[in-house]
């Protein structure tokens, strides 16, 4: 049996411990796996964390970022997103990017629920892609799935 | 006869199964071809999907993305677009990018029609470029062609 | 005599056949040259077209893009511009970028004139740089030259 | 005992000598280390400074940038951020990015306090990551830590 | 004595001959140096000009760009800035970027003064970095230096 290694990169900036949630879900979805965690200060540090996790042998990585409310935070989100995409295309490895924006909800409870739901669903997505490859999610293609919110659904 | 391999990368975020449409069109336009499909959660995962399809031998790829309405979705679109362009220039392979923006139309029916038309027309474009090379579309250069909408036309 | 090869990359999205204009000008300015043309659907496909033209031996390339009016079109312009710059710096070859924005003029006739003027002037620029090198334009440095509009002029 | 080398890159544009602060903190946190400093004019010069520090053997780098108030300054911030992320992912080394925006506070005293607090806290973060690796900050993951401001705190 | 080679890249779009100013200052500041000049149409051509100057042996480069007033010009500025940063981090060479924005001043005389001051001061910065290395500017770190305007000063 091939044992898979997953990377989990999270931040101290985040207000929810999404890294812990991701680890629990991955462990449940793929018991024959190892998990490496890497914690950095903020989202702009996530690309190098993902890169170092892949360098160390991870087959795929999930990053768990939290973004503030200002326009500058959004530029940081853009820069980090570009970086995470480049880590992926230069290594041909998935880095599933969970991001929660502080202005997605007006109260902290809703924000917490978004973070938990998004971290859980994308952890499952990562395991499916790493374990079963590029057709693992095809059954759900075009179905309007959402993470952090209820599904939008298909309009086919 | 040289057999071509096409890659089709789509998402579970999309509300229309554009991957299926692309496969049908490619099969019709180029019966002597193989098609590989790769489904990912969202647009920011499309660049690595395209890269992995090219790694596996695809001569060209079509990606089928769906983008939400918020400014953050637009930044994600920008990051994904930059990534898709880099996959292309680092591999010298075409990755034709079909993107539908949820705010392109006010009702779902119109949105669905845009998605179908765009996916179909760009699938034909991809096959033409891969089968017949850089002059395959030259007859239509400057003609104001549109995908998802009716053509704007030439003003020559 | 060294024969130069120029690449001309244009789109079917464009409403003016700028590729044809560029070819005419290059042929007149540098009769001892070959020209390769590559036509793609839209601006986001231009970076890979330029890359493939350089791969095939072109000493320099001119790309002729047309951009729509929406904010999304502008993000596509930004992504394409970054891609075109990376093609250049990774190959050390010039890719002169002619872009016409649909909202540069209120009527089609003016837009057509902008497109023609810009394509012509930049075709001359490309030939000068490829034939005569980095000092070919130095006499005009700081002169406030414009393409598509009348020159702004020097304020020295 | 392995001796670590830290890089400190700062600017003449900055209105607070954050480089000096970073050096003091690093020296205190990791007495068995060497520190190299590199001063450049502004934020857009920081990526190459970080790259040169890593080329010269630094195990990790902290950059200390200051950004003006205009939209153009913000685009420069975005370009610099993308560059800093690419230095990291192409070298697999951390470059912790301290940035102070001139419009973060209305008076100079507050701005100075933000700069000092951010430089100090991120210097500690850098040392922890370089000395103790990717789990050094895990105890604080999801705790809503802030640099330059008081912590937002966890909402778990 | 080691002879240094400086690159000067400027544009025909610029309304002030900043390349000439840079050459004069560099010659005065570092008489034992050679200077190569490369003139291109506009800012988006500057990254490849800088790359070609470095390819030809320049130890450092100054680019002198001029940017129009529209939002599109600003996106071009952003793309060019990202490109200039990548030239630097992929070659580990400084490319000091002088940019003048047409909307920085209301009258041409002020604009001209900004351009001259910025070109002069950054030419001196380049020479210092190339001749004396990463500590050449450290004495001025955090001093709030400005180019094109009077210094903001330290708030330490």
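Letters are used for the chains, namely A, B, C, D and E, taken in the order the chains are written, and counting of residues starts over at 1 for each.
One rule holds for everything that comes next: contacts are C-beta pairs under 8 Å (C-beta built on N, C-alpha and C of every residue); 3 or more make two chains touch, one makes a residue touch a chain.
The shown structure was predicted, so the numbers you read here are calculated from the model rather than taken from an experiment.
Where touching is counted per the definition, chain C and chain E have no chain in common.
With rounding to the nearest 5, the Cα superposition of chain B on chain D corresponds to a rotation angle of 145 degrees. In whole angstrom, the spacing between the mean C-alpha positions of chain A and chain D is 25. Remark: chain B and chain E have CA centroids separated by 40 Å (rounded to whole angstrom). Residues of chain A in contact with at least two other chains: 78, 82, 86. Contact ring, oriented from chain C toward chain E: the chain order is C, E, D, A, B. Partner chain B is touched in their complex by these residues of chain A: 74, 77-78, 81-82, 84-86, 88-89, 92-97, 101, 122, 125, 129, 134-138, 140-147, 152-156. Residues 10-20, 36-41, 44-45, 47-49, 51-53, 55, 71-72, 75-76, 78-80, 82-83, 86-87, 90, 108-109, 111-112 of chain E are the ones touching chain C in the complex.
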